[in-house]
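We call the chains A, B, C, D, E, F, G, H, I and J, going by the order they appear; numbering starts again at 1 in every chain.
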Amino acid sequence: MLFHVRMDVRIPHDLDPQARIDLVSREKAYSQELQRAGKWPQIWRIAGEYSNFSVFDVESNDELHELISALPLFPYMDIHVTPLARHPSDVK
Amino acid sequence: MLFHVRMDVRIPHDLDPQARIDLVSREKAYSQELQRAGKWPQIWRIAGEYSNFSVFDVESNDELHELISALPLFPYMDIHVTPLARHPSDVK
Amino acid sequence: MLFHVRMDVRIPHDLDPQARIDLVSREKAYSQELQRAGKWPQIWRIAGEYSNFSVFDVESNDELHELISALPLFPYMDIHVTPLARHPSDVK
Amino acid sequence: MLFHVRMDVRIPHDLDPQARIDLVSREKAYSQELQRAGKWPQIWRIAGEYSNFSVFDVESNDELHELISALPLFPYMDIHVTPLARHPSDVK
Amino acid sequence: MLFHVRMDVRIPHDLDPQARIDLVSREKAYSQELQRAGKWPQIWRIAGEYSNFSVFDVESNDELHELISALPLFPYMDIHVTPLARHPSDVK
Amino acid sequence: MLFHVRMDVRIPHDLDPQARIDLVSREKAYSQELQRAGKWPQIWRIAGEYSNFSVFDVESNDELHELISALPLFPYMDIHVTPLARHPSDVK
Amino acid sequence: MLFHVRMDVRIPHDLDPQARIDLVSREKAYSQELQRAGKWPQIWRIAGEYSNFSVFDVESNDELHELISALPLFPYMDIHVTPLARHPSDVK
Amino acid sequence: MLFHVRMDVRIPHDLDPQARIDLVSREKAYSQELQRAGKWPQIWRIAGEYSNFSVFDVESNDELHELISALPLFPYMDIHVTPLARHPSDVK
Amino acid sequence: MLFHVRMDVRIPHDLDPQARIDLVSREKAYSQELQRAGKWPQIWRIAGEYSNFSVFDVESNDELHELISALPLFPYMDIHVTPLARHPSDVK
Amino acid sequence: MLFHVRMDVRIPHDLDPQARIDLVSREKAYSQELQRAGKWPQIWRIAGEYSNFSVFDVESNDELHELISALPLFPYMDIHVTPLARHPSDVK
């Protein structure tokens, strides 16, 4: 089941620099782990912004929330989820 | 080059019923033609709305506008385009 | 799987009065059928508005869209869906 | 009498970590006490966000405000209340 | 129990002129009947707009919705309700 | 002459706790003094929020601004004023 | 007493052309009458829009509403009023 | 003196088709005349929308309004003007 | 050439108190100097807010930006400029 | 390929003053380097704001994001990108 997710990163400017580096590095590792597991099949940078559009593929809303709220950057992101359905014109 | 597109369909309620059927049918055919040509690789229905999130894959902004403005429903949609870049965490 | 849905009814004022009566009557019958089937467990009127907050209980985003887009008033409503997850403080 | 409540948690990032843990723990205890008392019959996590949709069941607007403003996280939440009425299509 | 209500009147310009006159006249009679019954204790014109701020005094959300949805102009107004509680600084 | 005022209190979380207590206490005293003088005839808490809807009764816009800008919490509130006129349906 | 007023003209495109001409011509005459009476001391066109910023000078909110609601274009304008006070830096 | 202008075209769907063709054709001719006169040095289509971003080069706000309000599509566009100043980093 | 300017003052609450007093005092002196020079012919307080509506009279957009960006409070204000043109109904 | 970019600078008021000076100076040097390379053909100050409208000329969305995200002020700006296409009325 697919969900469209927009994430806008808002790390406070006065966060400890090393804490920031650790956060961003753990975020990347976690994201790639989910991608490799097939849970996060699409991720694009929104050109010009510190933001992404993503597609998640999960079993349920609960699994979706569990995965997203475990993001290291979760406390520093504005996130909005949109549930996706099959489009009647989709040829796939 | 990828672009994220949101389309919200707003067909006026007093449009001639046959004209509406024709429009929607031509829209579907045109969309599927672009999908098969690889220009419109993703299309999802936004659950609960007469709207879609799509991804287009084109050579340029000009080609993107040419394809979208040729949509039979173009005069009856609110459309918003977001340019996409490669995300540094993308494993693909 | 639960989804929160807001529906705002916007029937055009120049719709044929009998068509309006039919629509509203079919909407009620369909809504009650879904409620009795356990698909639409909660529906509340937003006080002072021609709008409702509802909770749907479905198997998937696809089933959700199928049910909502079959609403007789679907062409005359603004609808927004929010996926719900279990809250960690929920005692149920 | 039912009220729909949306709560968005915005704990400042520079709050003392122990103070945060205490707040969140007291919030949970207080919420569960109100749920068990029948005052807060529904609480859902909004998938992907540090937010909830809730339904309160109270005697009056005054009781509603008294309960909500006593939330330990009250100073750190954006809250919006919508009064609910019985929907004419409700089968319950 | 008090509720704050904002009403913005949006009568379609192509409504039959006599129908409009009847509507507005019935609206005034109904409003004054509720005012005299103590249900609608305050009504002010928002200066420069075809809008009002009102205070309703009712037993419940259900009664509030019943009274508002019976307004002759209800189909032609944007309405927003805010529940009011006693303010701790109120000297009355 | 009546004015509708909405006040949303936004006290910074890192304000000195004693300064906050003093501010809120002086705010209450000042508000009650204006209420007793007939300048601030109505004040309601917006249920669920740290906000109020008020009605001021003053001689002029200048007097209104003088009274509001002297509020101890003035630097920590978002305030919006709407001028009120007599409503033609008002029975008072 | 001064009020800042923004008016955005939205004449429906299907209004009878002669009715439109009459409206606009009566609007101009009425506006100029109020200007000459000192009630409407300032009127500017917002460059590029069918809109104006104005300043009214009236005795009360009631007089302001009376003057504005008598505008021939009143039913076809979005209007927003802001009460003005003397600025402490004003040298006049 | 440069001004940034956004124009969003909203031609009503029930406008006479020949009237629409005439409007669009006159709009193009007028736009090109202003471009050739150096008054409208830049015009870009916003990809995916029936909208443009433009730059006008005029002597004054009055000349700007005169040119824009004479656009054949002026009654059917939402227009927003932003005055531009020289940027201190501009190398030209 | 006239421009309408709205300024909303947002001085951070943790700014050094003496720095704040100096800023506000220099702002007043600078504003009055521009008023006396005829560059800032109108300034009004927005009743109830720490904001003003102003009219500037300058030779060009560049001069406007130069004057506004030199305001001592410029780093602590939200500012929005609207170019004004002569209104065809203006009797002056 | 052209892109329209709006940048709003929001440097935190408590940033170290020397760090701010360095940032702004490096921003200017970098911007001018891109301008001279033909990548950033247009930059205008939005009159009255610490903001700019710019036009970038790049090979791809990826190149655009690479250039913008390397801006020294990138962490302190709100940025919005709009892809531009050739306008059918453009005479160039």
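Everything that follows uses one rule, which is that a residue touches a chain if its C-beta (ideal position, glycine included) is under 8 Å from a C-beta of that chain, and two chains touch if they have at least 3 such contacts.
These are the chains along with the protein names UniProt gives them: A, B, C, D, E, F, G, H, I, J = Muconolactone Delta-isomerase.
Every value quoted in this text rests on a predicted model; they were computed, and no experiment measured them.
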item: Mutual neighbours - chains that touch chain B and chain C alike; value: A
item: Same-interface partner of B-C, chosen from the options B-H, H-J or A-C, over half of the pairs matching; value: B-H
item: Angle of rotation relating chain E to chain H [CA atoms, steps of 5 degrees]; value: 145
item: Chain G-chain I separation of Cα centroids, rounded to whole Å; value: 23
item: Inter-centroid spacing, chain G versus chain A (mean Cα positions, whole Å); value: 49
item: Inter-centroid spacing, chain G versus chain D (mean Cα positions, whole Å); value: 45
item: For chain E, residues contacting two or more additional chains; value: 2-3, 14, 45, 47-48, 61-62, 64-65, 81-86
item: Pairs of chains, among all present, that meet the touch criterion; value: A-B, A-C, A-D, A-J, B-C, B-H, B-J, C-D, C-E, D-E, D-F, E-F, E-G, F-G, F-I, G-H, G-I, H-I, H-J, I-J
item: Chain A-touching residues of chain D, taken from the complex the two chains share; value: 13-14, 45, 47-50
item: Contact set on chain G toward chain E in their complex; value: 3, 5, 12, 14-15, 61-62, 64-65, 68-69, 74-76, 79-81
item: Residue numbers on chain C that touch chain D, as the complex places them; value: 2, 4, 27-28, 31-32, 35-36, 42-48, 52-53, 82-92
item: Complex contacts: residues of chain G adjacent to chain F; value: 1-3, 60-62, 64-66, 81-86
